[in-house]
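As structure tokens, here come the structures.
The same subunit A turns up in both complexes below, where it pairs with subunit B and then with subunit C.
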Partner chain A sequence: MNSVFSNKTAIAIFVLPTFLIFSAIVLVPIFVSSYYSLLDWNGIGKGVYVGFHNYAEMFTDSRALHSIRNSLLFAAASIFIQLPISLVLALILASNVKGEGFYRTVYFIPVLISTVVIAQLWSKIYNADYGLLNSLLESVGLSSLVQDWLGQKKTALIASFIPTLWQYIGYHMLLMYAGARSISADIFEVAKIDGASRVRTAFLITIPLMRPILKVCLVFSVIGAFKVFDLIYVLTGGGPFFTTEVPSTLMYTSIFDAFRYGYGSAISVFIIAECLLFTLIINKFFKTE
Partner chain B sequence: MKTLLKRTMGIALAVGMAGSIAACSSNSSNESKSNESGSIKLTLWDQSVGNTDPSAKLLPQIIEKWNSEHPDIQIDRTGTTGEQYKTKIKTSIAAGESPDIFYGMGGGSFMEPYIKSGNVLEISSYLSDDVKSRMGPGMAEAIENDGKIYTLPVYTHIANLYVNTELFDKAGAKLPTTYSELLDAIDKLKAAGITPALIGEKDRWPGMYWYDIIAMRQAGNDQVMEAFKDPSKWNSPDFVAAAAKMQDLAKAGAFNSSMFSMSYDEMLGAFNAGSGAMMVQANWVNAGIEDPSSAVKGKVKVIPFPVFEDGKGKGTEIFGGAVDGFYISNNTKHPKETVEFLMYLSEQLGTQGYLAGAGLPSWNIDGLDTSSLSSLDLSSAEIMKTATSFIAWWDNILPADSAESHKNLIALLLAGDITPEEFCKQMAQLKPTELNL
Partner chain C sequence: MSAAEAVPLKKPKSIGKILLQVLLILVAVTQIYPLIWLAFFSLKDNSEIFSGDVAGFPKHFLWSNYTKALSEGHILTYFFNSVLVTAVSILLVLILSAMTGYAITRMNWKLSNLTMTIILLGMMVPIHAALLPLFMVLKNAGLLNTYWALIIPYVAFGIPMAVFILGSFFKGVPRELEEAAVIDGCGIYRTFFSIILPLVRPAVSTVAIFTFLSCWNELMFAVTFINKESYQTLTVGMMSMVGTYITQWGIIGAGLMITTIPTILIYLLLNKQVQQSMIAGAIKG
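Showing the complex of A and B:
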């Protein structure tokens, strides 16, 4: 067995199929998109080479800049709102509460439901005419707060963040819960004998030992925020007036509604670069600390 | 037990893989092919799958009849819903894997790039001589593109004002024929606590219908045509006045406060539930309004959009008239047979669909029994008969990215974020149309 693993040809043969498939469906499209992003092209016929014009346009177009700002805000909301909630839930679940399995399942359900279904669900909650939220506000005497949540600039962005944050809380909770559970019980026993309180144990033992899984969660949630598309697309379509636009919805409308494949490809390349950059930053941050 | 489990899983994986391989291989041979018996298989893609869309019922019947009468030319149909259909057909044409014959979304700027790039078959040499004589008046010219023919007409659609007469009676308002009567009706409807008009502005094109018809009433069709060719003319007093009127209507509370979160489908749902008194839409909404599930069945009238006292446009200048039809791929291996089917399909769907309320006819309908038609369809047809000129959907006339800008600008105008002057200045930045109007 050992001789097989040290044999370079054998390694190459075993790695080759996966590498080929990976290249065909991931690497090649990335390079092809990078090439398209240098063209002024309507998707059919001949494209005109325009160099970095599409990128220059992206960084001067207020609509594109706004969408990038939104995705950064969204990433910040994921880090500072979503992950702390997931962490608290995970720590509570991991501390031997009653009905652990039940709660774990309940919090995970939103992850299992299709995003389009969730978006439809929340668009009915937010609906200005018959929505649950407005009916609730009216029934408790707060009818002054009743408004068109997804239809006006000042509330649309927050209203479209909430479902996405809510949906993936269960996902990160499960990862963190598994991380917390895998810490050896001996350590907790020692802490208990020494008289450490639960909160102290959580901050000084559980969380520091969960560092690897926290890093994974951080990477997933930041990348997820940069890539978010389906929920925003169904909920608001990037509207009203682009207030909820993120790079991926802008990419879609550029390509499929405005027939601008080159510009859309430039945005997609930007999304990939953004994700890679932030993954590197997070990895570096966790290494130096 | 363990070995059994392993073996079952192995088989399951193998079956799954075989399935995906089969799926891949059947995909790649999706194009027309002749099998041993010499019969031809043609693929057809369309977007008629909606519940209340009469074409969704008619298409399978027409194809079945064709297939049984033509054992040597068999049609294989795939239906996909609207927005997804657009994406699907764009992708497949760009990849050179388009079906033999496909629905072309009202022609215009949607089809123009494909025609220009040679992806669509020029069919005039295959058409039989009598086919033009069976079309409705003006249709033979309407389908010509630069002197060439790529499609045959199926239905025509025109946009008008849909009014809920029950709500108008309740508010004591008169059906508007002029702009001041429209403002008056809006005041009365509002006073009675009724939403005067509905717009599903989340999808942006329903608001565009309002502005476009207002601009046509204000400036007249001739000026609009000029501006399509020379965009700098969008920045002229008449279009500023039209934008100002649109904004005045919004400020007067004519539209539902939830318009920016309401989609087109939700707008139809709300109108059919009687939640709004007016809507500017085309006759594809007729079937839904007259559906037994609709709360406003029999209470809705369709009238020409009001004329303006200070406007240059007349009530007989019609918004719409776009000719929807099917197109043939240049990659098809059987152009002659496909055109033969195209002629059959277009005429059958055009006439039977008209009788079923799917759209206004593009074919000669003399001698057809129209007693089955709803009053909405008949009044739409009456309005179309009065037409002196047509301008089709502006987002089909403008090039695709300019059409997007046009719709976005109208949304900003509705929200009061830009002034009418600013609106027209930005309209003047659009690209000229690529079509030969």
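Showing the complex of A and C:
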């Protein structure tokens, strides 16, 4: 019996192909990127070793710092705008309202749609001349607010945040809903008998018991904000005048438009480090509190 | 309880309920109306879109936008490429991850825990990290502008989540089943493929849905590794199409709809499964 389940050949056949592909494509490139980030290299010929010069440049260059600031703002917007909306919706839907399944299904639809489609759609919504937003503003008599949302520095950043916040509300709602649903019904029964109001029950019982899933949502939304690429790339390309640039679009243009392979790699290493660091901080925060 | 008692008790509650429903409906409208609007303008011509009635129901259904997008806009090619790349990626992710998940959770070998830990670490790696190194490797191997340039990375990045989900299902299969199979003379391969694998069908569909969504919607690799139109997938193809038909919203809308319809269909058919797989993907261990 045991010999069947410790058959070395079978284990090798089952594990090795997966492990080799995974290592070669997912793990090794991290080290390769770290190495590239120490080079001054345009992709042709040999790179010149420059130590941490690329990192030093990233932390002094105003364009790079601006992109990092944008990604932090984006993370903050996710935490303080998107997650609370998702939480309220999840709590409402988990409390046996009528049509709960229907609302859950509808709220979740944008999550499934390609970000490219979402970005194209919102670029039409924001269109200065014929867009949905401006038409709506005009039809309710707010023509003074009609403007080129993505084309001017003043509004471009906020306008480019909104589609992502909008798209993933349903995702966090679903996870939080699952979390709230997994709490034993007995606890709510007791709270009800004790005469606790719905809002009180939510704050004193449901939300504290949802901590594990809230942590997951927090990690996902922060990391998602740091990694955001598709939406900005399609919607604004980082413009106007780099207003909406984020680290991943800066990485992309540094590598494939400016042929600064070393500098672009330094940014990619920074993105990984940023994601790991914040995952650790959030985990720590949820452990000690 | 008599009717006279029930009425005053019920009234304040029902007002609250109505307000709650109004709120929920408003949220539903903001989540779904942009997509309905997309469906509307994909059926309109420019004169209708630009004459001020951009928001409303189309006066005539202009299906020619769709036929134009399909024939002139190369959407059919992009669509075929997306289907091919996605289907092969799903198949490979399933085969590789099922075998590995099984060997890690149910077979006896020293490094099984370490292997699992390493593979699960992969869930935390953003694809940004791999972009340039992969580009260089694919370029040197002459694989840029082939289907493999997308399939290989999609499979590799799909593996961690798939091994995790499948592995946790294998853990739940009772030992006795495997033992009975072996006593009946099954070898390890038959035990796995014909006894155990059919038992974890729900996990297989969860992984398939998850992999479908990430491959179908992926942009960064697709835009970097492919620049020949004949190999482009829908996400990249849509970007070039938008460039070509800048002012023809109807045709662009039709293209966006064609990109989105398969996902929506899968969701309408399997919405519980899809929601389950998104939850399973988030809640690890």
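Convention: the second predicted complex is superposed on the first by the 267 of 289 C-alpha atoms of A that agree within 3 Å, B and C clash if a C-alpha of one lies under 4 Å from a C-alpha of the other, contacts with A are read in each partner's own complex, and residues count from 1 in each chain.
Operating definition for what follows: a contact is a pair of C-beta atoms (placed from the backbone, for glycine too) under 8 Å apart; a residue touches a chain by one contact, two chains touch by 3 or more.
Not measured: the values here are computed from a predicted model.
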| item | value |
| --- | --- |
| Combined model on subunit A: subunit C and subunit B, fit or clash | clash |
| Which superposed partner A:57 touches (first subunit B, second subunit C, both, neither) | neither |
| Touching partner for A:99 - first (subunit B), second (subunit C), both, neither | second |
| Partner chain(s) touched by A:256 [first = subunit B, second = subunit C, both, neither] | both |
| Contacts of A:121 with subunit B and subunit C, given as first, second, both or neither | second |
| More subunit A residues in contact - subunit B or subunit C | C |
| Which of subunit B and subunit C A:40 touches, first, second, both or neither | neither |
| Of the stretches 56-64, 92-100 or 272-280 belonging to subunit B, the one that collides with subunit C | 92-100 |
| Contact residues common to both interfaces of subunit A (with subunit B and with subunit C) | 43, 129, 256 |
| Subunit C residues touching subunit A - in the complex, by the definition given at the top | 17, 20-21, 23-24, 27-28, 30-32, 34-35, 37-38, 41, 49-50, 52, 54-55, 96-97, 99-100, 102-104, 106-109, 115, 118-119, 122, 124-126, 128-134, 136, 152-153, 155-157, 159-160, 163, 178-179, 182-183, 187-189, 191-192, 213, 216-217, 219-220, 223-224, 234-235, 238-239, 242, 249, 252-253, 256, 259-260, 263-264, 267, 271, 274-275, 278-279, 282-283 |
| Residues of subunit A touching subunit C in the complex | 1-2, 4-8, 10-11, 13-15, 17-19, 21-22, 24-30, 32-33, 36, 43, 89, 92-93, 97-99, 103-117, 120-122, 124-125, 129-132, 135-136, 139, 166, 169-171, 174-175, 178, 213, 216, 220, 223, 226-227, 229-230, 233-234, 248, 251-252, 255-256, 261, 264-265, 268-269, 271-272, 275-276, 279 |
| Partner subunit B, residues of subunit A touching it in the complex | 42-45, 123, 126-129, 148-152, 236-237, 239-242, 253, 256-260 |
| Complex contact set, residues of subunit B against subunit A | 86-87, 90, 93-94, 113-114, 116-117, 119, 201-204, 256-262, 270, 275, 399-401, 403-404, 408, 411-412, 415, 417 |
